[in-house]
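Here chain A shows up in two complexes: once beside chain B, once beside chain C.
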Partner chain A sequence: MTELVAYLISGIALGSSFALIGSGFVVVHRVTRVVNFAQGSVAIVGGMTSATLLDGLLPHGLGEIAAVLLCGVVGLVIGLLAIGRRGTPPLISLIVTLGASMLVSAAIIWLWGQDPVAPPGLGGSVTILGAEVERQRLLVVVATGVAFAALALFFSRSYLGKGLTASASNPFAARMVGIDVRKMGLLAFGLAGILGGLAGVLIAPSNPLSFYSDLPLVLSGFAAAVFGGLTSPLRTLFGGLCLGVAGQLTAGYLNGSYQTEMALLLMLVIMIIRSRAFVQEEVK
Partner chain B sequence: MDRVNLRSVNPRNVLVVVAAVAGCVAPFVMGDLTFLMRMLLAAIVVTGLSLLMGYAGQASLGQGAFVAVGAVTVAVGTTRWGLPPLLVLVAAPLVAGAFAALVGVPLLRLRGHYLAFGTLALLLMVQTAMSTFDFLGGAFGISGIPAFGVGGSVFTDQRPYVLLALGLLALVLFVTHRIVDSRFGRGIRALAGSETAAESAGVPVMRGKLVIFALSAMYAGLAGGLSAFFTPYVSPDSFPALESFTYVIMAVVGGLGTLWGGVVGAVLVSTLLQVLNLVSSQPQLPPTLGPILQYATYGGLLVLALLFMPRGVVPAVQSAVTRADSRRGRAGRT
Partner chain C sequence: MLTIDRVSRRFGGVYANQDVTLTVAEGELRGIIGPNGAGKSTLFNLIAGHIRAESGTISLAGRRIDRLPAHARARRGVGIVFQGARVFPGMSLLANVMVGAHAHTRAGVVAAALRPPSQRREERAIRAQAEDCLSRVGLLDWASRPAEGLPLGQQRRLQVARALAGLPRVLLLDEPASGLRAAERQELAELIGELRRDGTTILLVEHDVGLVTSLAERITVLDLGRVIADGTPSEVTSDPAVIKAYLGTGDTHAADR
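Right after this comes the complex of A and B.
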């Protein structure tokens, strides 16, 4: 029983980080129909920057916030590359962001080297229902909850968020009422950068990141976003939690090395089952 | 008189002849042929990928999966079952093609980004299968693959491999050319534009996509099989995701949906990387410069090529030649 609780809790913590990265995919795809392959690289930049800043430059809190804001800028630059040129088809934009993620990898190796880096996080652990959980992992869960709530409020309550939603649901009509759809797209990339950075800052203390973590982060985030059809933040959160728990249960009861494969398999199954719905979305 | 004769020669044919001559001479003048061999193998894979991406409009970020299947076919066939090399080399593309046809049935229901990520997931799962099952090599891979040979004659150095790869590349280009120019090929191009429109015009969309997917996998499997003989070692680490991304870069740089785009992209990108490799391996430079330059080149090439030459090198050169031709034509008339 204790074992199961431990797996569930660590699965929820892991799944929260998947969901945070996935939310970046959703924010960009909703508005621009582009899948941002550089989402994982941005998270790594976040983790690494916070490690550097917290190393005597800034106190806890400020260092993390500065790192997250920097990631927002990186996300914006990636957006400029991906959709800055008018009329770039979404699939070509995906490949541009693949190129951007490689450029970011080059920068990461240049600035921080090839070894994994872990910034200091919350130390120690607490006991929940008999299972020991690192406090940093709990922080990930709480921060993810707050981020998703803020995201929901932003999209439904704020003027800017409504502009983003309008550009997403009908770009033509949005332009008619005076919304600059391209600017909204760039804004979405910046917001995705912030979400990716937040994910990186939160994950890195318990899972050290290197430029090599890029692909696992991208795939797990995309897998979570697939649950939400790349458009729904809430279902992305649910997807991330499912993936995290399924992965931890696989690792716990079967074999640790199949954790990623479990996530990939789930992603493939969901994508194929929902493929008809995706096609209808594209036609719309 | 001279000018008229010159103009009557199609510049494209001249380029093809130049490329063929260069390809046949290079194996005899270059010292280490590993670079040339890798370039030719990449050209075979990328020709298939360019067909898939350019004509059928389907992106694959995991083409390495099929290269791996071809290589494993050769490794298992020769070392485990002791089959003759020629037989396994023929089997490599067939097994890869059959595998693609099998996984393609569910996978090709996906389109666009979903297919791109689906193929990437496939590559990672193939890698896991290779490292999990000892029969496929396990974590250590399969070494001791015998040299390629037919009957009594066995390949003892690199040169015959390069010539064989050249011949197979020519075969692949010929097959691609015939398919693109056929009725089936026109149907494929139609479905890349709009699947719904192609379907209502009577093009069997799913079957068409599946055939092209399997064909591009066959090219990849062929290259993988040949590389297994050349290296002669196959492990899960031989097919990193970055390699599959490189194929995409080569296809995009060369020009999607052109016959020669794959070859041109493979030659340009491989040469550039080789030059950078030589520069960064100078002893006085830091060791991280190599990977930095590699990633920066990959990323920079992709971004710049897509933003400034979105159709690729081959179409850009073609249209430049056509423009120059028409200008000369006008000048001649006046």
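Right after this comes the complex of A and C.
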């Protein structure tokens, strides 16, 4: 029982980071129809940067925030590369994001080396239903909840959020009412960078990151986003949590090295089940 | 208000618009008619900014807009109503119209982020303005309904409300009557008449000659990309060149409809 509780909570924490990365996919895809595969590398940049900044440069809190903001800038630059040129087809932009992801990976190796890096997190642990839980994992869950609530408010309340929603809903009509759809796309890339960076900063203290972490992170995040049909942040959150919990249960009761395969398998199953929904999306 | 000066545009070597010149005065309701393939849609798209002119200039309130992208023209005051269903699905009617108003009034990203109280005031003002626009087109009772699934006639009225919310200097209507039933067409004609009385400058591009002659005070007739006539409804409908243009394309009854 305590084992199960521990797996569930660490699964939810890990799933939260997948959900954050996945919501980055969703935000960009909704507005630009581009799948941004650089999303995982941005998360790693976030984790690495916070480790460097917290190593004597900035206090806790500031260091993490600075790392997340830097990821927003990185996301924006990737956006400029991918959709900066007017009229770039989404598939070409997708390839550009893949290339950007490799560039970022190279930069990570150059700046931080190949070994996993873990920034200091919240120390200590608490006992929940008999299970020892690191406080950092609880922080991940809480921060993700706050991030999703802020995202929902941003989309429904602010002008920029409405502009993004309108651009996603009908780009042609959005231009007609004076919305610069390309600028909205760049904004989405920046926002995705912030979400990815947040995921990296939060997860790195308990799951050390290296450039190798890119693929597992991007696949899991993408699987979560696919669960949300690449359009719904809320269903992405749910998908991410399911994926995290399933992965931790697999790791705990079967074998830890199956986690990524688990994500891939779930993604395939979801894509096959929901393929009709995707086709309808395309037709619209 | 809107000045189009010797504007030309070719597609594959064929002129879709050739030296088109026309001026719409403030508060005027100008109709653009012409048989199929006359270049009406091209002219509309040139003004809206979907395509660029090869030569000639387009000015709005004395400032050139022909080099601006479509969204920037919208901000300068080109309000657009398309014939297609160009609403924002998944958003309520009110939200649709509010997007139109926002795009116009936004002070700046940073200001909006730093001054929440004033932004809240602005938000309230925008909501009130959006409701006013909805009531002008007679859709206020439906404000909270989702925009998808609306009948075509009401989708078009919603587009009118959204364009009005952006406080346009000139309202461009692209074939607003196409696909509408007779009753909807009548309602639309009444709406356009009301907008005209409120002082809105309107450019009405329409295939339905009868609708245009009943509403517009001046009509510009296009044929094969050129302006062939310009004048009051009775002048242009009795113009031999206009009659020939409509007869020549086999649309025999259009000119006297």
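Criterion: the second predicted complex is superposed on the first by the 284 of 284 C-alpha atoms of A that agree within 3 Å, B and C clash if a C-alpha of one lies under 4 Å from a C-alpha of the other, contacts with A are read in each partner's own complex, and residues count from 1 in each chain.
Quick note on the criterion: a residue touches a chain if its C-beta (ideal position, glycine included) is under 8 Å from a C-beta of that chain, and two chains touch if they have at least 3 such contacts.
Not measured: the values here are computed from a predicted model.
Of the two partner chains placed by the overlay, neither chain B nor chain C lies in contact with A:L139.
In the superposed model, A:V5 lies in contact with neither chain B nor chain C. Judged by the touch definition given at the top, the superposed model places A:L264 against chain B, while chain C stays out of reach. Residue contacts after overlaying the shared chain place A:L215 against chain B, while chain C stays out of touching range. When the two complexes are overlaid on their common chain A, residue A:V177 makes contact with chain C while staying clear of chain B.
Annotation for chain A, partner touching more residues between chain B and chain C: B. Contact with chain C, but none with chain B, is seen for A:Y159 once the two complexes are overlaid on the shared chain.
In the superposition on chain A, A:A246 contacts neither chain B nor chain C. Once the two complexes are laid over each other on the shared chain, residue contacts for A:L80 go to neither chain B nor chain C.
Within the complex formed with chain A, the residues of chain C that make contact are 48, 69-72, 74-75, 80, 82, 86-91, 95, 98-100, 102-104, 106, 109, 112, 162-163, 166. Remark: chain B residues 59, 61, 106-107, 109-114, 116-118, 120-121, 124-125, 128, 132, 196, 241, 245, 248-249, 252, 288, 291-296, 298-303, 306-307, 310 touch chain A in the complex.
Residues 35, 81, 85, 88, 90-92, 94-96, 98-106, 109-110, 113-114, 211, 215, 219, 222, 226, 230, 257-258, 260-261, 264-265, 267-268, 271-272, 275-276, 278-279, 282-283 of chain A are the ones touching chain B in the complex.
Across the complex, chain A meets chain C through its residues 158-160, 162-163, 165-166, 169-170, 172-181.
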